[in-house]
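Labels for the chains are A, B, C and D, by order of writing; each one numbers its residues from 1.
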Amino acid sequence: MALDRLFRRRRTRGGGRDVPELWLKCPSCEAQVYKKDLEANFMVCPQCGHHFRMGVRERVQMLADEDTFSETTGRVHPQDPLRFSDTEPYSERLSRYQQKTGRPDAIYGGTCTIGGVPSLLLAMDYAFAGGSMGSVVGEEIARGAEQAAAEGRALVIVAASGGARMQEAALSLMQMAKTTMALDRLWEKRLPYVSIMSDPTTGGVTASFAALADVILAEPGALIGFAGPRVIKQTIRQDLPEGFQRSEFLLQHGMLDRVTPRSELKAVLAQILGLLHPEGVRNDGA
Amino acid sequence: MALDRLFRRRRTRGGGRDVPELWLKCPSCEAQVYKKDLEANFMVCPQCGHHFRMGVRERVQMLADEDTFSETTGRVHPQDPLRFSDTEPYSERLSRYQQKTGRPDAIYGGTCTIGGVPSLLLAMDYAFAGGSMGSVVGEEIARGAEQAAAEGRALVIVAASGGARMQEAALSLMQMAKTTMALDRLWEKRLPYVSIMSDPTTGGVTASFAALADVILAEPGALIGFAGPRVIKQTIRQDLPEGFQRSEFLLQHGMLDRVTPRSELKAVLAQILGLLHPEGVRNDGA
Amino acid sequence: MALEFEQPIIELEARIRELREYADSKDVDLSDEIALLEQKLEKLQKEIFGGLSRWQRVQLARAPGRPTTLDVVEKVFADFIELHGDRTFADDPAIVAGLARFRGKSVVVVGHQKGKTTKENIHRNFGMPHPEGYRKAMRMMDMADRFGFPFVSLIDTPGAYPGVSAEERGQAWVIAQSIQRMGRLRVPAIAVVLGEGGSGGALAIGVGNRVLIMENAWYSVISPESCAAILWRDAAQAEEAAEALKLTAHDLRELGVVDRVVPEPGGGAHRHPDRALRELEAALAEELEGLEALGPGELLADRYRRFRAMGAVKIEPAG
Amino acid sequence: MALEFEQPIIELEARIRELREYADSKDVDLSDEIALLEQKLEKLQKEIFGGLSRWQRVQLARAPGRPTTLDVVEKVFADFIELHGDRTFADDPAIVAGLARFRGKSVVVVGHQKGKTTKENIHRNFGMPHPEGYRKAMRMMDMADRFGFPFVSLIDTPGAYPGVSAEERGQAWVIAQSIQRMGRLRVPAIAVVLGEGGSGGALAIGVGNRVLIMENAWYSVISPESCAAILWRDAAQAEEAAEALKLTAHDLRELGVVDRVVPEPGGGAHRHPDRALRELEAALAEELEGLEALGPGELLADRYRRFRAMGAVKIEPAG
């Protein structure tokens, strides 16, 4: 569970989410960046290369070949099976996020080609409840894997998540098994699965489908791990080592295939998919 | 390669090998032990429990059920494919060891039952060229695995070896692949393989069949590893940590299933074989 | 060491014991009085245990004296032999694994292990595994597949260890791998939540064809304390969090997360471990027998079906 | 940096170069003189390289400028993308691994990697892998099997690292596992000894259906220096040990340890890496084509037959 991080972050970030800001301060180099410039640069700071979080539509646009994307998500809606309520009822929380994002839950994606390789591309939406995985995210990923297997597509998932969604409790936990097991549909058909870990990828998402890809790419500086840094700090009662749980640290510890800057992500992904799914390219079907 | 150890040991040990001694000094507790007492106690120091090296016949006698052992080794003889010679021609070295041990090479074993489980039991002979693995040891192990598979037996190998035999150079190296691959005959038939590591188990023997068993048992205090301690010391130019490369160290580092004193070895082995090869016990065939 | 809500039961039990001892020592007949008190005790137990709150169950799940994996392998299985190590980095005492016999047949058993004393608890890291523990578990899954033996896992952990060392060595990765490995077993797999079923560290060995749970165990995505700390920003709200998480055996049975609740004797498994383990043995025997008819492919399909169905969603018809 | 026995060749080459430059700058025709010297050079090369001692070959196998794994993946393969990590503990720079294309088809490539500078050599631990390197290699073998891609390994190591850290993390175990994993590949597997083939650390990725070796590479159970230190108790006797070990490409072809010697251009691969790599490419293409006809089961059987036959023994007829 690294949802704790979401709450901390939201409090320390300046400005309400609904006020459109023209300028943003880069948290890494502290430069004031014009938002349009940032968007034109795939949300990477032109000064220092810091990778800001990215919207799911922009993510899909960045990775899918032009005019090949067709959404498959959006028909699976969350329930409130536990009638969960903490400081706010879960059902109200859901409505709020649905209004804010225009999506039923924290995932968005569909079919496309990537470098000519027929793919099923899913992106987790951090803006929806911290990208937490409940029944809907689990279901969409399982469906994605099954559809990719049935249609001979590669599967690509961009993770951005604080972990499992507490408000669905044990049902969220079970999504870890459900998504993991669904990936085996791809194995049976020798279809590749590439995981892209963006900031943050933690908790039950890392500990299930995100860590089980044929190739795992991560964006620079992304927080990646199982437990959240705050929980770990409480456990060991010491400061965490510099760079701990960041992409570069994970790469050194053997957990990632590559740390790839966003500017190269599409090209690297296309190269890998082309190598892992050569029939896909030859058939040239989308 | 940990053959270096063999040479060092032989020089520091007191007394010629051919002089029968009635008393032995325990290298661990320094007590004078009457040799007959030691033999009656499976070569374990009655004072401190130090495990002396053990002859292969005594080893087989200790592990096989009474009156069930029938030798299968002994028909495979070494060659001198490289016409190797260092301070002494390899062929002469071989003759010397053959005369000393009465066996063609560094391995002895055959069929038996162990706790009623039909088994093929092989023991490496440290007294023959430091238990080094050349073509004969490799061949006997491959044949043992194949025969066990063909006859529905469990395979049990007691390792005692300084590693691969230098005098057969690349051919010795290839025995690592040959023995390893032969083990898969057992996999196909769901037959178990238990490795028992005694002092020492190093080099190419550890790095092939000895480390690949379903269950790995080791005797207390045995030297176990890949590189010999002297080589490692030269590499790191520091003293080695206390207990480094001893059974108990390996157990802690997750490499062994159990460290089992010789007095319990037969019982533990029989229990494991009974669990892993229940049909064997039911059929009760030898 | 008794829990607060147990006090009336324990006091009544003490009185019955006293009366018995008195009757024995003085050779008087107090059987009517004792019988009366025993009836009262039974009623009291039913009353208290029938109305347990979720938070009280969580406390029972953690109660000292509750059967652990080592108790199960000793009393429910025969011929257990512990096997150690992940053949990679270390042996993790927070997970116990080995071979055993169940009703005459070989099985592979893996379970979390807490300590019964403080010293043992430190040695076993309070049942919180490092990556090595899960790798040991995976090695045992390989062994079960290799020999065609059923795989039984026993879940009892507050969670996988959330420390620097565990993160460095890929805690998330190894949990994912263990879930995947268990999902791929070609032999019957049964998972039993013995005590605490804390999050991914529990699920890592929880991908059974059947998932059983002891009546007073809990199983959820997060502990009530951590959940309260995050959602209520106050760990003291654990009681409320436990209610909200619906983490008890009966809740989970209703949600379809577990297949069977193993009843505990009145007073709980920690006070009557042998009786609880006999119930577990009977349940295991029944479930294993049911799975024996299935072949490797069917077992895989059965397990996928089971977990594929998990979750609560509403799906719009395709437009 | 040239080896002693290369000196005459290098001097002659320098003279030819000078003459050429002179002819070009002065615009005079020295083609006859140059042709004569080139003939002489060819003769000299044949003489020197035809009569190389085993120890001289060992020096060639270690010569700076010799093609390494990274040269091969760049020049023999196309579209190489390096993949990192063992998903367990670390990424080991002493082993390079990834996906590439060979003659249009996807392959998985793994090889030892030495550095070309001192700094890089330290980073790559002089091509001596830790256990993590072999686990990365095994992950790549899994990938080759998963997608049905041929597996190509490039051997160039003095040996697996003989240090405390490597022993602690199971160097022997991981080498054994890697041998086993490669033996179980259900896809065509070709191993090429590029430079040094030092013991188990080389064999760990050497279990190919075909094993190729560059003409001036060596492959044996131990390095000549270590062998001399043990058997002659004097590392300076390495030259004699090299002779005794019969560790050259042609020796190994005779012993049946390798299937094919890839010829190196006169002067050696370190002086003409591109030409050497073209020879390697042609050999790889031929061998891969030959294996393509075999199914998974046949490849397994072929590999077992190959290694099962290794060794020199005399077997008494059963009495």
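In this text, a contact is a pair of C-beta atoms (placed from the backbone, for glycine too) under 8 Å apart; a residue touches a chain by one contact, two chains touch by 3 or more.
This one's a predicted model, so the numbers in the text were calculated from it and none came from an experiment.
Enquirer: For chain A and chain B, what is the smallest step count along a path of chains that touch one another?
Expert: Steps on the shortest route: 2.
Enquirer: Centroid from C-alpha atoms only, then distance chain B to chain D, rounded to Å. What do you get?
Expert: 33
Enquirer: Quick one: chain A and chain D, Cα centre-to-centre, how many Å?
Expert: The answer is 42 Å.
Enquirer: Considering chain B alone, which of its residues make contact with at least two other chains?
Expert: In chain B, the residues touching two or more other chains are 211, 253-255.
Enquirer: Residues of chain D that touch two or more other chains: which are they?
Expert: Residues 87-89, 169-170, 173, 177 of chain D touch two or more partner chains.
Enquirer: Return all touching chain pairs.
Expert: A-C, A-D, B-C, B-D, C-D
Enquirer: Under the touch definition given earlier, write down the residues of chain B that touch chain D in their complex.
Expert: 1, 3-4, 7, 75-82, 84-87, 134-136, 138-139, 142, 164-166, 168-178, 180-184, 202-204, 206-212, 225-227, 231-232, 235-236, 240-241, 244-245, 253-255
Enquirer: For the complex, give me every residue of chain C touching chain A.
Expert: The touching residues are 160-164, 166-173, 175-177, 179-180, 183-184, 199-200, 203, 206-207, 219-222, 226-227, 229-233, 241, 244-247, 251-252, 255, 257, 303-304, 307-308, 310-318.
Enquirer: Given the complex with chain B, which residues does chain C contribute to the contact?
Expert: Against chain B, the touching part of chain C is residues 79, 81-92, 99-101, 105-106, 132, 135-136, 143, 146-148.
Enquirer: With touch defined as at the start, can you tell me which chain B residues reach chain C in the complex?
Expert: Against chain C, chain B makes touches at 187, 190, 192, 211, 214-215, 251-258, 268, 271-272, 274-276, 278.
Enquirer: In the complex of these two chains, what residues of chain C are touching chain D?
Expert: 87-89, 131, 169-170, 173-174, 177
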